[in-house]
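This report concerns only the one structure given below.
The chains carry the letters A, B, C and D, assigned in the order they are written, with residues numbered from 1 in each.
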Amino acid sequence: MRKRIRSYRHKVQYYETDQMQLVHHSNYIRWFEEARTDFMEQVGLPYQAMEEQGILCPVIEMSAKYMRMVKFGDTVRIRSKIEVYNGIKLILSYQVISTETKLIHCTGESQHCFLSNKGKPIFLKKEQPAVHEIFAAYARKKKEDKSNEN
Amino acid sequence: MRKRIRSYRHKVQYYETDQMQLVHHSNYIRWFEEARTDFMEQVGLPYQAMEEQGILCPVIEMSAKYMRMVKFGDTVRIRSKIEVYNGIKLILSYQVISTETKLIHCTGESQHCFLSNKGKPIFLKKEQPAVHEIFAAYARKKKEDKSNEN
Amino acid sequence: MRKRIRSYRHKVQYYETDQMQLVHHSNYIRWFEEARTDFMEQVGLPYQAMEEQGILCPVIEMSAKYMRMVKFGDTVRIRSKIEVYNGIKLILSYQVISTETKLIHCTGESQHCFLSNKGKPIFLKKEQPAVHEIFAAYARKKKEDKSNEN
Amino acid sequence: MRKRIRSYRHKVQYYETDQMQLVHHSNYIRWFEEARTDFMEQVGLPYQAMEEQGILCPVIEMSAKYMRMVKFGDTVRIRSKIEVYNGIKLILSYQVISTETKLIHCTGESQHCFLSNKGKPIFLKKEQPAVHEIFAAYARKKKEDKSNEN
């Protein structure tokens, strides 16, 4: 049921650097979003379709640890996983891996809730069972996490 | 009728620099928007109010000339003027002036049209005469342009 | 010795919104930087001067909690405080407060280390005692934290 | 000598939208840079190598025309061409084409000069003849421009 998820590839752009001659730390937060968008497409829940169905999935918490610098011209791969899903709350984790060094350069997490267009909380299990099933499928089997690698 | 417009002040942020250790050129485009937003408030047409009335004012053309570099920690002032307004089309010009050197570091222009929420062109003179009057007042008197300085 | 620190004022820009019609979550990370830059200036350690002295102060961890939305046209004030400073590590906290509602809309923290231009760790107490004294002055007196408000 | 240049592919990200629910106009300027970076790599002059050789290539003019909107989830291809190259000045043009509609959604141009690390103008023909030859090769044969398509 659960497919193998490919990691997301990002090539570092000039405009993502700052005068320390490294990627500005705020851009990793945007890369997490790029990777999450890609993850959602791969599992069959593209954001556009979610928003058209009236499900918003805003970020309510965010964290990042910057371990090794990333520079202009580098290419990174980002692995996204669902760490927690309970029908109300979704937590994804991210690993930013240099394609050159194969080392983890940054890790992060984002926590999300589910809201209707009018800003009311949605309980997915009841109101959007098909969406719920997918999140649950990719979250629940902790032991199979190795399948989520590239 | 027409008030004196104060120039807009922007302090350069670290995240606006790139690895050339200068402000990345795309950020000036954003500063023009900051200055335009401020200009619109000063003339009594804040964007929020415009959008609530159902008037969108998208950018359809944009240009910039980068004459002197701007660095982190610099403060610039931006002068906005209406160069053209004819009821359908709006052209603003921008001058980015260093508060330290008093020199013009960048100039630019943006051209806008007026659309309804549904994306249909709006002819302001007919459909929004009060809005039209304001744009016309700040655009038409070419000889008074000296009033538009700070 | 320790001055009262003014909170930092930020007016929300159009380009900071996303299609959820709220500020994109990555921009708060940039606002924290704006507030931190301002804080550093107020305490007498502007980033430019730090970098000219050969002290880099990169972000090594970052977190944010998004509690209430912020919209285009809103103005927020950001309060920055030094939560931890031990000569090697610096942790600042941020509160994003709506000027309208007076409520906290977002909180966050950033952790920093100190590096030389060549990327080697700097032990400020020994190598930059004047800089060290300032950080220590603004960090150590937990009971006086009320002075850090606006 | 002159290879066929592949157009550059960009997938629109959520953080690139604004509250008009379209891509914010400043992001196209960044896409031009992404496409230019890719073009430079394809012709054998990657920016990193240029900067390591001490050649900076800053943007000194920029323009864009926004013809059709681009939305989150769209994929565009960007075609870059050298319009002018005379040893001192470089002008590239860009076409942003929707992969779905095959229509041109945006066009633009960027003008560049060549500077040393110290900010002095470089006359490439004399000082960097190998770099000069490449720019000249991709610029001069106006009639072969059809090869520059994808």
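By our rule, a contact is a pair of C-beta atoms (placed from the backbone, for glycine too) under 8 Å apart; a residue touches a chain by one contact, two chains touch by 3 or more.
Here the structure is a predicted model, which means the values were calculated and not measured.
Two copies of one chain, chain A and chain D, form a contact in which over half of the residue numbers belong to both partners.
Ranked by separation of Cα centres from chain B, the top chain is A. Note on chain placement: the centre of chain A and the centre of chain D lie 30 Å apart, centres being C-alpha means. Note: centroid distance chain A to chain B, computed from Cα atoms, is 36 Å. Residue numbers of chain A whose C-beta contacts span two or more other chains: 14-15, 22, 26, 30, 33, 72.
By the touch criterion given at the top, residues 14-15, 17-19, 21-22, 24, 26, 72 of chain B touch chain A in their complex.
Within the complex, the chain C residues that touch chain B are 13-15, 30, 33-34, 37, 46-48, 72-73.
Remark: chain D residues 20, 22, 25-27, 29-30, 33, 56, 58-67 touch chain B in the complex.
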